[in-house]
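Each structure below appears as structure tokens.
Next come two complexes built around chain A: one with chain B, the other with chain C.
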Partner chain A sequence: MDKAIIMKEWLKTRLVFFACLAVTLAVGGYAVIMMNRLIQLKGVEHLWLIMLLKDNSFVDVLKYLPLAVGIAVGVAQMAPEMAQKRLKLTLHLPCGHGRLVGLMLATGLVELGAVFAAQTAVIAVWDFTILPPELVGRVVLTMLPWYFAGFAGYLFVSAICLEGTRSRRVMLGLLGVAVAMACFLQPAMEAYNGMIPFMLILTVGLLSLSYGSIARFREGRQD
Partner chain B sequence: MDKNNDGPVISVRNLTQRYGRGRVIYSDLSFEVPRGRILGLLGKNGTGKTTTINILMGYLRPQKGECRIFGEDITALSPATRARIALLIEGHVQYSFMTIGQIERFYSAFYPGWRREAYYELMRKLHVSPGQKISSMSCGQRSQVALGLILAQNADLLVLDDFSLGLDPGYRRLFIDYLREFAKAEDKTVFMTSHIIQDLERLIDDCIVLDYGKILTQMPVDRLLRDFGRYTFTTQAEASALASVGGVVNPGKIKDEAEVYSFSPAAEVEAALRSHGIAYGDFRRTPMSLEDAFIGLTGKY
Partner chain C sequence: MLIALGVMVLSWFLPWLYSMVFPSGVSDPFVAWSPVSDCFIVSDNSAEGKTRICSVDALGRPVREYTKEERDSLLPQIYFNQLMARETLPDSLKGKEVTIAGLKHGQWVFSSLPRDINRVMPEVYLIMESMPPRLDLEDASEVFTLHDRVEFTDMATNRVNRRRSQRFDEVFRERGFEYPLHSWSANVTTRKPRDEGYLLVDASGTAFHMKMQAGRPYMERIPGPGSVEFDRVFVMENPETRHLGLMTDTEGRMYVLEREGYRLTELPVGRVDPRRERISVVKNLFNWVVKLSDGEGARWYALDSDDYSLLGAYELSYGVSRARRVAAWLFPFRLTFTDTADCLASPRIINVSARALYLNVVLAAALAFIMAGRRERRATVASCSALTLIFGMFSFIPMALIKD
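Take a look at the complex of A and B:
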């Protein structure tokens, strides 16, 4: 049963997943090429210097990509459920609704995790060849809030798609924009280190949004 | 019920529902669907047919009243009970991003009594391949996919919301023939709506006719067609005078030809006309289809 639900989610999202993976790897590769070019022109010492003195991670080009990936996967996965109120079919399946929604969200989150892990791997593997582990760690920690924005974007978009009322959709949208914006306020490297535990807790909390949307759908709160 | 099969499959008691806080869709609606019967919920647009199905399937919380399916409160149907109910959503909505083969594999994981052959037998008649995507199929073909899934699920109760929507006569006929054979051979209970009444005459055993806010009648179709009559006659009386005759409903008049509908026998209708001083001639009862009876009960407007 679980396998069937995961298969359904995969069928909806696989094209977007592979497209996101390709774009993410391409943009990650572009960031690596730009670093490589700088090293060839001015030497690796110069790259280190800029990283340490000017707080430049050289991965800024990837900044908004996780958020875009989160939104794309969320729309690809949840919009077909609401088209023609297909969610009724899903909710009629002989499976607990909590488990059903949990598996749907877990599928999306695992896909996002895979894309983000691939992007991190591209950057980190390359960085390890030119940077000390401490600097590689700084780059990865700098990217973590962007990934949080991606997960949060996915969870907000999922809840918005599953929501039946316009007013609630607008409210969720505004809240989502505020949460996403908060992830990009500080451009400095590792600016969000102290916030990472809070972001993890918030991500878990955001899971409840889709459960709320489903509960309201079942009560008939639809425009 | 009812795992022991000794009660109604669907039981609705004093159901009251409004559009938001506004118009009452119906008030104190009560009915039962006995096991092994095919019941059609008939009504004009906006009388609450789809709303009733949404309530029964747990997609809308009733404002008042109690609904039970197989003895379970519909606001908390267990997965085991949902497995006993096959649902057809208005417009034959299915997971159109899946192929013929994928959707069969998907649903088979949820239902222990899944009958793969029943599904593929129907698909063979459609001349579609397992790799064909549902989104690329016509509305008629999609209806057959939805029907095939229902047959394969082998549920005890089938709930079908406006199965005829978007179907041409051939596909409607195919759908009805398959469904009737399946329901009768396997002693299934069916609760359905359709906006094409003539289709249902060949299919349903019992009907509930809904009007705005109330049930007009609930009875077996053969009894309705036997007891409810259309009477035509010639008269010079105004249509408004016919409306005041007790025991008749929805009188109509074109030129001198009048028609009235009534559950009363011909002699009583004639007596009522005479008691109201209405002169008439050529009085007769004319044969009716279910659609005629529906129009007679609900009116043309």
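Take a look at the complex of A and C:
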């Protein structure tokens, strides 16, 4: 049954997944090309100097992409459940509701993880050819809160799509905007290092929002 | 989870919105020490846009008001262009010859902001050549790391320069440098008259001066007075070559380091915390004016430029604005993720106020009334009201809105 549920989720999201993967890899590649262009024009030393003296990570172009990917995957996965009233059928599957929601969210989170890992790999592998490990780690740590925003965006969109009442959707939407904003407050490199444990706890906590929406749906709270 | 998120977001957003609607800020007056009248001259812009210029006594009280022309004469080290145009620049003052060139050469400005210190710095340090073959300073072409040994990396190839690493590592060991590095300071730019390399503080609080000269290491241990442990260092590379840097120790004392013989002198400016306070030093031919400021106030110290003895001190307390006082009655605390004093993001609770308890009690009673009307269980009503006593309007709003 688990495999069937995962396959169902995969069939819903695979197009968006591959599209997101292609876009993130393309934008990651664009960031690499821009760095390479700078190296061709002014030399690799200039890139080091800008990175160390101007606090520039050269990956700012990726900043809001993980959030957009998270929202896209969430909409692709959860909107059809409500739009085509499939959720009622899904909830009648011979599987515990907790396990069902867990598998649905796990599928989406694994897909997001794969997209973000692929993008990080593109940047990190290329950076390793021109930069020392200290600076590569600095770039990756700077990107980390953007990926948290992606996971948070996905979890909020999932909860909003599965929610049956408009007022609660608006509330979840406003909270989602605030949580996403918190990931982009400080532009300095590695600014969020001290907040990573807090973000991990928050992401785990956000999983409960979809469970809450499903529980309310089962109680018949719909507009 | 929804309630917890609501409390978190509202405790962050509402006080922020309040501070945007009712902004409160202060601007410091311009304070300088007059070598003519031996007192502080304070220039302050009033709300009407007029500049009030006055001298202040030792207690900071205004003594006499001046016109702009009178102020120019009292501060020839700053307004020498105006005095020159009016042909009233004195030939000498305090036994020193006053010339435009001398005044310009003898002045420099130093500043340090807490946000430049409170940030995650890269553990890769650029190093310039202090004795370039063509005299003009050139951009750094190598970096070094200080994990458990010195390691130089060539930026062009991203490869370790083993020979230079070994040379520097030997010198670091000979001088007794203890890892890890505690703090450092360098100005890596070609827009300076000369390169003094790095001031470093090791794990034991010992300070070192290190630079690369003709590709070779130059490193000297800076002798501290007694058992002083240094904390922060600030290298200075001014056209005037007398001073090498400013330093603070773990007790908050501030020192000036002279190039000649690494002579260290404690500055009579009280306790200094560079992580919290903005430091600015304006030096001229006759005196230094050291300004230390934070969110609560500012203090100025005038020092003799020759022997660093204290000439005068002036202090200004900002006080609490009306908007802030009202906020203390409304919000029990404020959640913020950023601060102007650092470049870090982390959740922090500030402005905790017991005065908001009065409003919290009213809101808790109102919430109990609302929830009782919804026929909620008594235990739920009691726990929600108890939470509102602590979190005030931050928990009242989501609990009043979320019905189930």
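Just so it is clear, the second predicted complex is superposed on the first by the 222 of 223 C-alpha atoms of A that agree within 3 Å, B and C clash if a C-alpha of one lies under 4 Å from a C-alpha of the other, contacts with A are read in each partner's own complex, and residues count from 1 in each chain.
One rule holds for everything that comes next: contacts are C-beta pairs under 8 Å (C-beta built on N, C-alpha and C of every residue); 3 or more make two chains touch, one makes a residue touch a chain.
If you're wondering where the values come from, they're calculated on a predicted model, not measured in any experiment.
Novice: Following the overlay on chain A, give me a clash-or-fit verdict for chain B and chain C.
Specialist: On the shared chain A, the partners fit.
Novice: Could you say whether A:Leu52 touches chain B, chain C, both of them, or neither, answering first, second, both or neither?
Specialist: After superposing on A, A:Leu52 lies in contact with chain C but is clear of chain B.
Novice: Between chain B and chain C, pick out the one touching the greater number of residues of chain A.
Specialist: C
Novice: Is A:Ala188 touching the first partner chain B, the second partner chain C, both, or neither of them?
Specialist: Only chain C; A:Ala188 stays clear of chain B.
Novice: Where does A:Phe198 make contact in the superposed view: on chain B (first), on chain C (second), on both, or on neither?
Specialist: Second partner only, chain C.
Novice: To the nearest 10 degrees, what angle do the lines from the C-alpha centre of chain A to those of chain B and chain C enclose?
Specialist: 140
Novice: Which partner does A:Glu134 contact after superposing on A: first (chain B), second (chain C), both, neither?
Specialist: Second partner only.
Novice: Could you tell me how near the closest CA atoms of chain B and chain C get once both structures are overlaid on the shared chain, in Å?
Specialist: 12
Novice: With touch defined as at the start, can you tell me which chain B residues reach chain A in the complex?
Specialist: 54, 57-61, 79-80, 82-83, 85, 87, 89, 91, 93-98, 102, 105-107, 109-111
Novice: State the interface residues of chain C toward chain A in the complex, per the touch definition above.
Specialist: Residues of chain C touching chain A: 1-2, 4-6, 9, 12-13, 119-120, 122-124, 126, 139-141, 143, 145, 153, 155-156, 158, 188-189, 337-338, 343-347, 401-402, 404.
Novice: What residues on chain A touch chain C, complex-wise?
Specialist: 43-45, 48-49, 51-53, 129-132, 134-135, 138, 145, 167-168, 171-172, 174-175, 178-179, 182, 185-186, 188-195, 198, 205-206, 208-209, 212, 216, 221
Novice: State the interface residues of chain A toward chain B in the complex, per the touch definition above.
Specialist: 1, 3-4, 7-8, 11-12, 80, 84-86, 88-89, 91-96, 217-220
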